[in-house]
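Got some structures for you, see below.
Same chain, two partners: chain A is paired with chain B first, then with chain C.
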Partner chain A sequence: MRQTARMVPLRVTAVFRDAWLIAGKDLKIEMRARVGINQIVPFAVTVLVLFAFALDTDQEALRTYAPGLFWVTVLLASLLAIGRSFAVDLADGASDRLLLSGIDPIAVFGGKAAAIAIQLVVLEVLLAAGVVLLFDVTVHRYGLLVCAGLAAAVGVATAGTLYGALVSGLGVRETLLPMLLLPVVAPVLIGATRAFQDAFGVAGAEGWAWLGLLAGFAAIYGVFGALSYGALLEEA
Partner chain B sequence: MSTVVAATTSSKATKVLGWLTLAGFSVLVALAFAWVPEDTRITEQGDVVGQFDAVRLMFVHVPSAILAYTGFGLTLLASLAYLRWRTDWWDMMAHASAEIGVVFGVLTLATGSIWGRPTWQTWWEWGDVRLVTTLVMVLVFVGYLAVRRIPAETAVRARRSVVIALVGAVNIVIVNRSVDWWENRTLHQQSTLIARKIRDETLFTLSFSFAVGMVLFAWLLLHRFRLAYLEGQIEQLEVDEALEERRAEAGLSDDSEEQP
Partner chain C sequence: MEPAVRLRAAVTLLGRFPALAGVDLDITSGEIVLLKGPNGAGKTTLLRLCAGLCSLASGQGWVLGHDLNDERRMVRRRVALLGHRTGLYDDLTVAENVAFWARAAGAGGTDVDEAIERLSLTGRLADTRVGRLSAGQRRRASIASLVVRRPELWLLDEPHAGLDQQSRDTVDMLVRGAAAAEATVVLATHELERIQVLKPRVVSVVGGMVRSGSHSADAPNGEDGSTEGDRRVP
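Here is the complex of A and B:
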C-alpha cells in the first residue's frame, strides 16, 4: 500500500514531465517551420480586414462588434493550428512512434493541448493589437482580458486536441474537423465574446462571470480529453 | 463465414407499428384540422389575439422536439452501454437513434420556424435558449453521423462515435447554460401545460400526437436498427469474399492454410 501511495506522485510527475516534452517538441517544430507565424497569423489578420470590408468602414460598428469578430477569427485560425499539430505527427509515422514510446496518453494529450494553447495565446496577443489598431478599441480591463484570453485558449485547445486526434489520419480530416469542433466551441465563443465586451467597455456584460464558464469548459474538456485520448490514439 | 440471416428490415412487429402509425397519423390530421378550434383569445380591450390556425403546427412541432431529444438521449444511453458491454448491438442502437434524432431535430427547427413567423413575428430568435440549444445539438449529431459514415473497423468507428456522443451530450448542457446567460430570456411558452392555459381539445390532440410520435419512433428505430445490422452483414460478406479471392489467387484453400 505504501509503495502504491508513493507511485502515484511519481506517475503524476512523469505525466507532467512527458507533457512538457511533447509540448516542447510541438513548439520547437513550429518555431523551426514558422508555419504559424508565416501562414496562420497572416490568415487571421486577413480575416480581421475582411470583417472591416464587410462592415463598410463603419468604425462605430467595428468597435461594437470587435469582441465577436476577434473570437470568430481566433476560432477559424485555431482550426489551422489544430490541423497542423496533428499533420506534423502523421508525417513519417511519428504518431506510431509516439504511441510505441510508452508515454502516457494523458501526457500526450496535455502536451499537445498545451502547445496549441500557447500558439493560440500568441495569436490572441497579435490579434488584440490588430483589433486595437484597426478597429479603434480601447482596453478598460486588462486583467479580465488576459484571464479570458487564457481560459478560452485552453478551452479551444483541449476540445481541439480531442477532435484533432479523432479525425487525425482520416482522408476527410480537413472538412470534418471544423464540422465537429465549431458547434462544440460555441459556448467559448459566447463566453469569451461577452468577457471581451466587458474588457473593451463596449457592452455591460459581467465579464468575470463569463470567465467562470470559460474555465468550466476548459476543465470539462481537459478531463474528458485526458481520459479518452488513449482510446483515440490507438486508432489514429 | 457469416451469412445474411434476414434480407428485410420488416417483421410482424414493424408491420403492426407501421399500420398503427398510419392510422394514428390519419386520426391526428382529422383531430388537428376538424376538431381543435383555432387559438384565439379576446383581450380586455376587445382585441382578438392568439396563434390562430398556426396552433395546429404544434401537433407536429412539439412531438418532433420530444422525439429528437428521445433519440439523442437514447444515443447517449446506448453509447454508455457500449462502453460497458462493447457489443455491436449497442453501437447499432446508438447509430439508429442518432439518425432518427437528427431527422426529428431538423423537423422541429423547420416547424418551429414556420410556427414562429406568425406567432412571434420572426423566423428565428437568437435569444431563445431552447431554439439555439436544439440547433447546436442537431449540428453536433450531424457531425456524429458524418463520423459514422467514414469507413472503418466496427470497433474503431464505435469508439470514435462514443466519444462524440458523450462530448455532444455534455456540450448540450454547456450550450444551454451559456445561451441562457447570454440573453436570459425566451420566447418559448414556459408553462402552458402546467398552468392549464390550454384548451381541452388541444391538450387531448397534443397528448394523442405524443402517442403517435412514440409509435412512429419505435417503428423507425426497429427498421433503422435492422438496416444497420444488414449493413454490417454485407460488409462482413464483402470482406469474406475478398479474402476468398486472395486465397484463390495464392492457390490456397482453407484446409491448406491450417496446415503447420
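Here is the complex of A and C:
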C-alpha cells in the first residue's frame, strides 16, 4: 500500500514530463513548418476581412457583432490547427511509434491539447488586434478578455484533441472533424462571445458568469479526454 | 528458455477479414526467426500482433511474458517495430527525431549519440531535417530511433525494401547486433541470401496460418509459401 502511494507522484511527474515532451515536439514542428503563420493565420484574417466587407456599410453592426465574428473565425481556424496536429503523426507512421513508446495516453492527450491551446492563444492575440483595427472596437475589461480567451482556447483544444483522435484513423477525417467538433464547441462559442461582448462593452452580458461556463467546459473535456484518450488511440 | 512469443489459436481481424486465422507459434528468447510467405499472407499482421498494435479477436498470446489480451501496453514498451513507414517527423532533424524517441522511451543523451554514430548519421546529416533525406538515410534514421530504445524484441518488416547497398548493410548490422545482445529478432524479408548467414529459423506464413514443420536444411526456399515451414535456411 505504502509502495503504491509512493508510485503515484512518480507517475504524475512522468505524465507531466511526457506531456511537455509531446507539446514541445508539436510546437517545434509547427514553428519549422510555418503552417500556422503561412496558412492558418492568413486564413483567419481573410475570414475576418470578409466579415468586414459583408457588414461594411454598418460600422455599428460590425462593433456589435465583433465578438461573435471573432469566435466564429477562431473556431474555423482551430479546425485547421487540430487537423494539422494529427496529420503530422499520421504522415509517416509516427502514430504507431507513439503507441509503441509506452508514453501514457494521458500525457499524449495533455501534450497535444497544450500545443493546440498555445497556437490558439497566439491566433487569438493576432485576431484580437485585427478586430480592434478592422471593427473599431475598444477593450473595456482586459482581465475578462484574457481569461475568457485562455479558457476558450483550452476548451476548444481539449475537445478538439479528443475528436481529432476519434477521426484520425478514418479516411474522411478532414470532413468529419468539423461536423463532429463544431456542434460540440457551440457552448464555447456562446460563452466566449458573451464574455467578449462584456469585455468590449458592446452588450450588458455577465462576462464573468460566462467565463465560468468556459472554465467548466474546459475542465469537463480535459478530464473526459484524459480518461478516454487511451481507448481512442487503441481504436484509431 | 522463456519464450519471447507464444501464440495459441491466435485470430486477428482486419475489419471482418481474418488476417491471422488461428496461429500457433513459439519463439524462444534470443532466437532469430524469418517469416516467409507470399504478399498478403499475414506476415505484417503477425509482426504487428507481436508488437501489441493489433488485438486478438480470439485465441491467446503472450509476448515477453505479457498477455496480449490485456497487457499490450507493457509489450509495446519492450519491442521495436520497423515497418514500411519510418515513424519520423519530416520537420525535425535526424538528431531531434532520435532524441525525441529516446526521451519518450526514457533513454539518455549518450544513447542518442551512440545510436546516431552507430547508424553513420553523424556530422551534417544529424542536423538535417528528415524530410530532406534520401529514402536510405531516412531508413537509417528510423533504425537509429529504434536502436536507442534497446528493445528486447525486434520486429522487422521488409527491412531491406527500397534500400541501397549501404543501408542494406546497416540493416544486417542491426540484426547481428541485436542477436549479439541476446535480443530476439523476428523479420519478414525477401532478401533470403543476406539473412542466410544469420542462420534464422524459418517460419512459413500462408493464408493467415503458420505452417510449422520439421527443421530441414535442404527444404526449398520458394516465395509461394507452399513449403512446410519452420526450418533452418541452408
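One rule holds for everything that comes next: the second predicted complex is superposed on the first by the 234 of 236 C-alpha atoms of A that agree within 3 Å, B and C clash if a C-alpha of one lies under 4 Å from a C-alpha of the other, contacts with A are read in each partner's own complex, and residues count from 1 in each chain.
The working rule: a residue touches a chain if its C-beta (ideal position, glycine included) is under 8 Å from a C-beta of that chain, and two chains touch if they have at least 3 such contacts.
In this text, all values refer to a predicted model and were calculated from it rather than measured experimentally.
By the touch criterion defined above, A:180 lies against chain B but remains apart from chain C after alignment on the C-alpha atoms of chain A. Using the contact criterion defined above for the overlaid structures, shared-chain residue A:101 touches chain C, although it does not reach chain B.
In the superposed pair of complexes, A:60 makes contact with neither chain B nor chain C. Taking chain A as the reference chain, the count of touched residues is higher for B when chain B and chain C are set side by side.
In the superposition on chain A, A:170 makes contact with chain B only, while chain C stays out of contact range. Within the complex, the chain A residues that touch chain B are 159, 162, 166, 170, 172, 176, 179-180, 183-184, 186-187, 190-191, 194, 209-210, 213, 216-217, 220-221, 224, 228, 231-232, 235.
Put simply, chain A touches chain C in their complex at residues 18, 21, 25, 28-29, 32-33, 88, 91-94, 96-103, 234. By the touch rule above, chain C contacts chain A in their complex via residues 51-53, 55, 73, 76-77, 79-81, 83-92, 96, 100-101, 103-105, 129, 145.
By the touch rule above, chain B contacts chain A in their complex via residues 136, 139-140, 142-143, 146-147, 150, 152, 156, 159-160, 163-164, 166-168, 170-171, 174-175, 177-179, 181-182.
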